[in-house]
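In the two complexes below, subunit A is the common chain; its partner is subunit B in one and subunit C in the other.
The block that comes next holds the complex of A and B.
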C-alpha cells in the first residue's frame, strides 16, 4: 500500500523502514487484530475464529470450530437475548452493530464485549455466512460502573445535605409548644425546599406564672447564613422576653442585636410578630408587637375577621433606631388568632398571580367559629393546593379559645 | 402581573446616580439590582435614586438589596432616595417602616430637586 501511495516529499527516503512497520500479511492482521473475528454458518456454527478471540476465551481452535455455535459462547441471559432479538434482527436487516453481550470464557470468567455482525451474501444474493466482530468492552464497562458509582455518590451526598437541612431546621423549631390553660395552640412549618434551611421560625413558651410569650418570624435569605440569624433571633427573643415581656421592648432588643451584628453590604434582618398571652376569665388577653411583619389575622366566633393593626413596626435589624409599638387583642371563646409568614401570602396561585392577604382573610372567615387546629389544617390544605407556587418557607402559629363543650361548635 | 421582563438600568448625573428597576424584584432578580448598584461610584454629597415605577413585585430579597444600597450610599457619604414607588409596594414599605429611612419622591427628577 505504501508503495502505491508514497507519503509526502521527505518521507520517500524512509519508505523501506516505514513499510516494515506496516502489515505485510492480511492473515496476521486477521489473527492478531486488536478485536475478535468470528465467522459462522447461518445456523451459528463457528466456521472461523481468530487467535485474539480464542485467547480471550481460553479455548483451542479445535474446541470451537465446527463444534460450537456463537450463542454457546454467551452467558445464559445473553444466549436468550441472542436467540430472541439479535439473530432475528440480523436476519432481517443483514447487519447489526454495537450490541453488548457477555462472553463466557473456558475458565468460567465473563468478558463484557460489544458485538457487530453482518450477513455475507453470495453473487446470487443468498445469505452464506455471518461475519462477527467482537470488541473488548471491559474498559467501557469499568467506565460505566465508574459513572454509576459517581451518580450513587452524588445521590448519597444529596440525601446527606437534605438530612442536614432537615435536622438543622428541626433545631430551629420548638419540639413541642408549651401548653397554655384554656388556650388551644397549633403550629405548622412548610419547608419550600428540601435542600436548604429556610429562615422562618416560631415559638411559644412560659414567661411567668400566668403569662406566655410567643413569636413568629422570617429571616431574610435562606441557607446556612440565614439559619445563623434565625438561631440568634430565636434566643435573643426568648431571653429578652424573660427580661422584660413587653413585646415592643423585646423587638427593640432584637433590633439592636441584629443591627450591631449585621451591617454593611450584606444586611440581615427579620420580620417578627412578638407577643404575650395571659389567659383570664373565659378567654385570654394578647399583646402584640410587629416588626415589618404581615399583620396577624383575627377570626372572631361570629364570623367577622380583621387584620390586627399594629402601629409602627419596622423591619428588625435592618436599620438603626427602629420603632415598635404594641396592640392589644382580647380573645373570646370561638376566636382564633393566626400568625403566618409571607411564604403564604406571596405564594403564586394557579397561574402566576400571588395569593393575597385579602384572599386569605376571605378564605378563613368562612370557617368561623373555628379552632386553632382547624385553621392550621385549612391553611395547610391551601398550601398543598399551591404546590410549587409556594416559593418561600411558610410558618403558621394559631392561638384560639375553644368554645365551651367541645373542639368544634 | 409578570408581563414586564426584569431589567436594571443605571445612569449617572452631576448630582448622583439613578437606578431604574422594572419587573419583579425577588430572590431571582435581586442580585442583578445588586450588581447594578455595585458598579456605581458615588461621591460624598451625591444622591443615589432608585426609580421603582416599573416594579410589579418586591419580596424580602428585594428589600434586602434596597437596604444594602442604602448602606453602600451611606458608606460613600451619599444619600439615598426612592422614586415613583408603586401603590402595591408602598403598602409593603409602609408595613415594614422603610419610609422613615428612604426619602421618597414622585419621580427621579423630584428626588434631585431639593
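The block that comes next holds the complex of A and C.
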C-alpha cells in the first residue's frame, strides 16, 4: 500500500489517480459491483442482496429479503437441480462454483447466470450462512448453446456413419449360412469399430448336389477401400468355386484377380482359408487350402486337437504367381473344425500380452467333445472378456458333426 | 461370462455394529452414498449400516449400467434385492431417500419377508401433476431440469469421462475423483432424471405390507407436504413424521433429527 512505502515523491504523484478509488467505500462496491451478491441463511432464506442483482431481477429489496429463498429465484427445473445437486454438494464441500442456472426476473424474463457459493462458518466451525456470487452468463450461454448444437450435429453425423458402416458390413456377410445335412455350422463376426467397415469375411454356400463351398478371410486395411476388396474377393471366390471346386485352384484365381486389379501404388492382398465340404457316412470330408492365413483348428471328439497343416499358402494377391496346396480332413461325430481370423489370436489379453494360437487350442480342447455352436459361444465369450484388447475385426466359422443323440454325451 | 459381484458393482460398504440389526441406506437422484455421511456415525452406534451406490452413480461399476435395465425403477429395485441376497441380509430396515423411497417400495413389495421396516425419506410417488393429484411439477418443468443438467455437464464430458469410465493407466485421475462427490456420467444422469421424475408409483403404495415410516421435511420444494400426506394415506398403517427442516436432503440439513427419527422407528420406540 502507498502508506507503507512512501517512496520519494511517489505518494504525491499517485494521489490524484488513487483518490477516487479511496473514496469508493466497501459498501458502494458491494451494492454496485459488476456481479450479483447474495447472502442467505442455511435454509436458503435471503438475508442480504446487492443493488446490481436486484436490478437484474427487477425486484425491490423488501420483496425478497426475509421473504424468499434463493431457490425460488430459479426456474422450476433449476430449482430441482438446486435441491438435488447444488444444495447437498454445498453442504458437503462447503463451496461450489461455476454452476449454471437461470434466474427468473419479476417480469418473467430469464437471465442465464453462473453461480458460486461458499458456506461461512463461525469460530466454532459451525456453518452460519451461505454467500453467493452471481455472474451474468448471457453471452457464455449463447456460446454454449452453439457448442451443444454442434455436438448434437456431430453425434447425428456419427450415427449416420455408423449406420452406413453397419449396412455395408451386412452386405459383405451372408444373411444366413447354407444348411448342410449332417453338419452343424455356426459363425460370428465381431467388428472392432462401429465407425468403419471391417476387412474380415466368410461364407458357406452349396456347390453341387453333395458338395458345399466355404471360405473365411481377412483383407488388408479397413474402411471403404478394404470393403471394395472384400466385395471383389467374395464374388471371385464364389464364382471360381462353382467353376472349379478345387480350393487351391480357387485361391489361384483370386490371386490373379487381386494382383491384376491392385498392382502399382495401392497393392491389396488378403489371407484366406478356402475349402469344400462333402458329407458322407456319419461324418464329412473337408478339403482346405490356405493363403497366408492362420491354420484351422480341429477339435476331435476324444479331446485331442491339432492345427490343420496346409503346405505352401502364400498371401493372396501379393505375388504374380503364388503357390497353394490342399489338405484333407475327415470329420467324425463330435469333431469340430474352427476357422478364425487373426483378430482373435492377436487380441491383447488382460495382462496386455497377445493371445496366441496355442492358448486358443488349449482353451478349446477342454470343451471336447463339442459342437460348432458351443465353440462359437465359447470364443465369443473369450472375445467379450478381452474387451478393448480386441483391436482388429474377428470372423469365426465353425463346422462340426453332432454326436448321435444330442449336443453333449 | 461370470456374474459380477454386487459388492463391487454397487460399491457396497458395511459399517457399524456387526451384531446389530441391519439398516440398508439407498441414496437418491443427484448424488451417491456420500449423502449419508452425516447420519452414518450416529446410526452406526446401534446398527449394522450397509451403504451402496446405485449402478451408474458414485463409484459403482458404470460398465454394468444399460439404458434398458435402468430405464425403469424396477432395475434399481432388482439391485437392492440382489445386494440383500448376496450379503444374506435379513430383517432389513430399508431407508430410501427421494427416488429411492419408491425403489424401496418396489423392492419390499417384491420380497416383503426380506424387510422388517421401510423408512421413506422425502418420498414422492409421482412428481408430475395428474388430474386432482398434485405432484408439484409439470412435464415442461422436467424438461427444464434436463436442460439444467445439460448446461452443467457441458465442460464435464471431455475431462471427466475417462475418469468415470475407469482409466487404469492414469491412477491420478481416480485420486481426483475421490475428492469430488457425486460426479455422474451425463448420459446416465439424463436417463436417471427421466426415470426419477417421470415414474408414477402411486398404485404401488397400497400394496406395501411392511411397516413404513414416511419422513418428510416441513419445507421441501421437491416433495411438498401434500405429497407426503398422499403417500401416508395410501400406505396402510404407515406413520408420518414431519421434520422441522428445509430442503430435500434432511440427512444433510438436519442430520441429528433425521438419525433420531430413523432410530426411533427402526427400534420400535
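Note that the second predicted complex is superposed on the first by the 266 of 409 C-alpha atoms of A that agree within 3 Å, B and C clash if a C-alpha of one lies under 4 Å from a C-alpha of the other, contacts with A are read in each partner's own complex, and residues count from 1 in each chain.
Rule of thumb we're sticking to: a contact is a pair of C-beta atoms (placed from the backbone, for glycine too) under 8 Å apart; a residue touches a chain by one contact, two chains touch by 3 or more.
Keep in mind it's a predicted model, so treat the numbers as computed, not measured.
Residue contacts after overlaying the shared chain place A:206 against neither subunit B nor subunit C. In the superposition on chain A, A:311 makes contact with neither subunit B nor subunit C. In the superposition on chain A, no contact is made by A:55 with either subunit B or subunit C. Looking at the shared chain after the overlay, A:99 reaches subunit C, while subunit B stays out of its contact range. Look at A:144: by the touch rule set out above, it reaches subunit C but stays clear of subunit B.
Of the two partner chains placed by superposition, A:280 touches none, neither subunit B nor subunit C. When the two structures are aligned on the shared chain, A:323 is found in touch with subunit B, with no touch to subunit C. In the superposition on chain A, no residue of subunit A contacts both subunit B and subunit C. Interface of subunit A with subunit B (complex): residues 218, 220-222, 263-267, 269, 271, 292-295, 312-315, 318-319, 322-323, 342, 346, 352-354, 391-392. Every residue of subunit C that touches subunit A in the complex is listed here, in rising order: 1, 28-31, 34-35, 37, 98, 137-138, 141-152, 154, 181-182, 197, 219-222, 246-249, 252-253. Remark: subunit B residues 1-2, 26-27, 57, 59-61, 63-64, 67-68, 71-72, 75, 95-98, 100-101 touch subunit A in the complex. Interface of subunit A with subunit C (complex): residues 42-44, 69, 71, 75-81, 83-85, 87-89, 91-93, 99-102, 141, 144, 147-148, 381, 384-385.
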